[in-house]
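We just call them A, B and C in the order they show up, numbering each chain from 1.
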Amino acid sequence: MTDRFSQASGTSAVGGVERRSTRSWSGVAWPTLGVGAILALVPLWLGDSRVMMGIAVLGLAFAAYTIAFNLIFGSTGQLFLCVGALAGIGGYGGAILADVVGLPIVVSIALSTSAAALAGGLLSWVAVRRSLGVIFTGIVTLIFALTFENLLLGLGELTGGESGFLMEAGRGTFLRSQIPPYYLMLGMVLLTLFVYGSLRRSRFGWAFRALRDDEVAAELAGIDVARYRIFAATIGAAILGLAGALLAFTEGRVSPTTFGFAEVDVVVLVMLAFGGIGSFLGPILGALTFTVIDELLVEVGQLRVFIYGALVIALFLWLPRGVVPALDDLLRRRRAGS
Amino acid sequence: MLEVRGLSAGYEGGDVVHDVDLRVDEGEAVMVIGSNGAGKTTLFRAIVGLRPASAGRVHFAGDDITGSPAQEVVRLGLSFVPAERHLFPRMTVHENLALGAYPSRPDPDTLTMVFDLFPRLAERRRQLAGTMSGGEQQMLAIGRALMAKPRLLVLDEPTTGLAPKLAAEAYEALNTLRGRGLTVLVAEQQVPLAMALCDRGYVLEGGAITKEGTSADLADDPEVRRAYLGVT
Amino acid sequence: MTASILDGIVLGLQFGLLATGLTLMYGLGGILNLAYGQMAVVSAIVTVSIMEAGLPVVPAAAIGIAVGALLGFVLDQTVFRPLYSLRGEARVLLSLLLSLGVALMIDGFLNWLFPLKGLSLFIGGGAIDVFGEPMRRGSLLASGITIVAMGGLVAFFRFTTLGRAVRSVIEDEEGARLVGIDPRKMLRLILLLSGGIAGLVALTRSMVAPVDVTAGFGITVFALIVTVVGGLGSITGALAAGIILGVINAIAASAIGTFMSLVILLVAAAVTILVRPAGLLGVKE
């Protein structure tokens, strides 16, 4: 299935695998800077509204989630249905370490990010050790996500239960101002994008393209599949933890729904379906497009969920490679035609 | 009764079986012999509708069954016993046999006939199929196929994995069935057993029919003797 | 303690029955249906809507169950159709994604149209003593109906030709085709049946606690846990795991609270998968 979603589509930066100049970093740096330059302009447009900036920050967090999920699922075929939970380890972990334990904010973020990375690496290690297939990995990680959610609710004294808690740490700093958090988040997303792009072009990316074509052959060629899987899950989970922690500190509160399965994982799946599994810029474009759509549809209330459901079905049935790569293909064909 | 014309079949990469012509008349027993990998299994699977044919036609008892799925072909009176048997391991012998008559209820006379043919099955009717020996499983697979009251029984290497004595027993049963007028088409590597059963035969090599003739003719053919009868 | 165990059995019976639907869809067709809980919710909402229109409970419930079954049939004919050209893991994965889409559609639609609706079948009359513990009539009736339905299912799979045919496809699809069984038809039957099971469980559940429009995902998760612990594709495993987990859940809930008891269930499920991937009663692939 992963190869059905991630078939290479020529040499497009959006669509798929880069075949040219695998050794050059510029192929990653330029698109990353381009995306950064465009996104850096967003506050000029929305900067007046605190609400809109909050949504923009959330959109960036989801962009990071989607890139991380794409790294874990799209590149290495591990269906991690615990995106929200791993981000929640970063978010709740950071909040608790800073507020309850009293550690400095930077230390709290570093520790909670490491905890998320460790959790992701462990989940992957278990999946690899027990040779769980895509489906069982999905079920085990879903169970992990639900366990995390119920722990948040059950350990109310520490986590604030259903309503979560407002954070003291960071109050009065730039983290709670209107525009700077956006740039902090943007920096994180660009870093994530760069790391992801570089990985794709490294021996790692090469190994996984080989793997996708033929797992047995790849193993025979000396690619240590297990090690790459665990590595990808650890990096991906670290990205998730960091994004979750930054989101918590900029929002100034944590709650179970910020990191819930229905609120995060389902949305990330839609975003990735939109952006194209396995592509480089697809996930971030998918996440941002979807954030805008979500905002436009806010008026239809619950019907929004209905539309997303229909979208998920339509995307996976008719555009399994994603809307963004499909559009990219279309544009290329036009340009070639004219 | 069965007429195969120009049949080709295989996998996505390419055909394994090329342009095969083959016929089985009513009341006949016919064998397809060939070495491992000659394409016998692919040919049979294409005939019975488990695998699509890329070219050619298959007619059975006046119907064109090319491309008909296996579940429809069996209703027309063509039962197939695959080499891997494909029994229902967590069901009893009796349940396996009963399903052979699907969608009807099992006919008591047919059931008695099967139990007469294979008394071992009668003794073990409550045992789970998956716990039986290879020989018993082969009996059950044949028995299950007979429950559908086929007009043509097609068997793919019924002796796979059987000790010589059990292989001979299986052929004895087939001989009995022949004597009652059942038409049989069998693929076999253990050629002497098949030759004793069958009137005619085809030699399949590299996916194509290279020789055909009566069993006696084939037994006299020097190449067949060398390749399949172990005579040097 | 006795009270908790009895409550656990009441819950466990229902989830055991619920899980048979999920396990059959998986075992027979490689379909992991994440919209299963929503099928149950649709039945509940249809039933309550018909009752509000003035019909008595029994015909309303019958229609509710029929609509659940119909929904299973409709899924087979529409969204799931593209699955049948896929095999193995690809089919399971796409079924998971597509049914997630269906679940969102149903959830969104119901929450939009009937945000406050829920089914609660109140069974009147005083408590009845069971092993010295007073049990509500609703719980007893729900358990009675569930046990009868389970007995019916087991008898169907054991003794009828059609039931055996369904099992044969789970055991060996090619073998089933060779005796003339069409796996697609059996799958259609199972989707119909599992929709009906989901509907029935929603109704019996509502005799104990309300089933509202948001209940779908929770029901799916419970059914999934029970299915996985019982062994994907195993009917008896699902029934046994339902009761075991129901009792564990009830005891834990009374001792340490709802959320933490769920944590215990989830951990138990995770451990089962890791120690015995085929489930308690499943067979190794």
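FYI, a residue touches a chain if its C-beta (ideal position, glycine included) is under 8 Å from a C-beta of that chain, and two chains touch if they have at least 3 such contacts.
This is a predicted model, so every value here is computed, not measured.
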{"item": "Reaching chain B from chain A through chains that touch each other, fewest steps", "value": "2"}
{"item": "Identity of the most central chain, Cα criterion", "value": "C"}
{"item": "Whole-Å gap between the CA centroids of chain A and chain B", "value": "55"}
{"item": "Chain centre separation in whole Å, for chain C relative to chain B (CA means)", "value": "42"}
{"item": "Averaged-CA centre spacing for the pair chain C and chain A, given as whole angstrom", "value": "32"}
{"item": "Contacting residues of chain C [partner chain A, same complex]", "value": "32, 79, 82, 89-90, 92-94, 96-98, 100-109, 111-112, 115, 217, 221, 224-225, 228, 257-260, 262-263, 266-267, 269-270, 273-274, 277"}
{"item": "Residues of chain A touching chain C in the complex", "value": "1, 4, 79, 126, 130, 132-136, 138-140, 142-144, 146-147, 150-151, 153-154, 262, 266, 269, 273, 300-313, 316-317"}
{"item": "Footprint of chain C on chain B - complex, ascending", "value": "48, 50, 69-72, 74-75, 79-80, 82, 85-91, 95, 98-100, 102-105, 144-145, 147-148"}
{"item": "Footprint of chain B on chain C - complex, ascending", "value": "161, 164-165, 167-168, 171-172, 174-183, 283"}
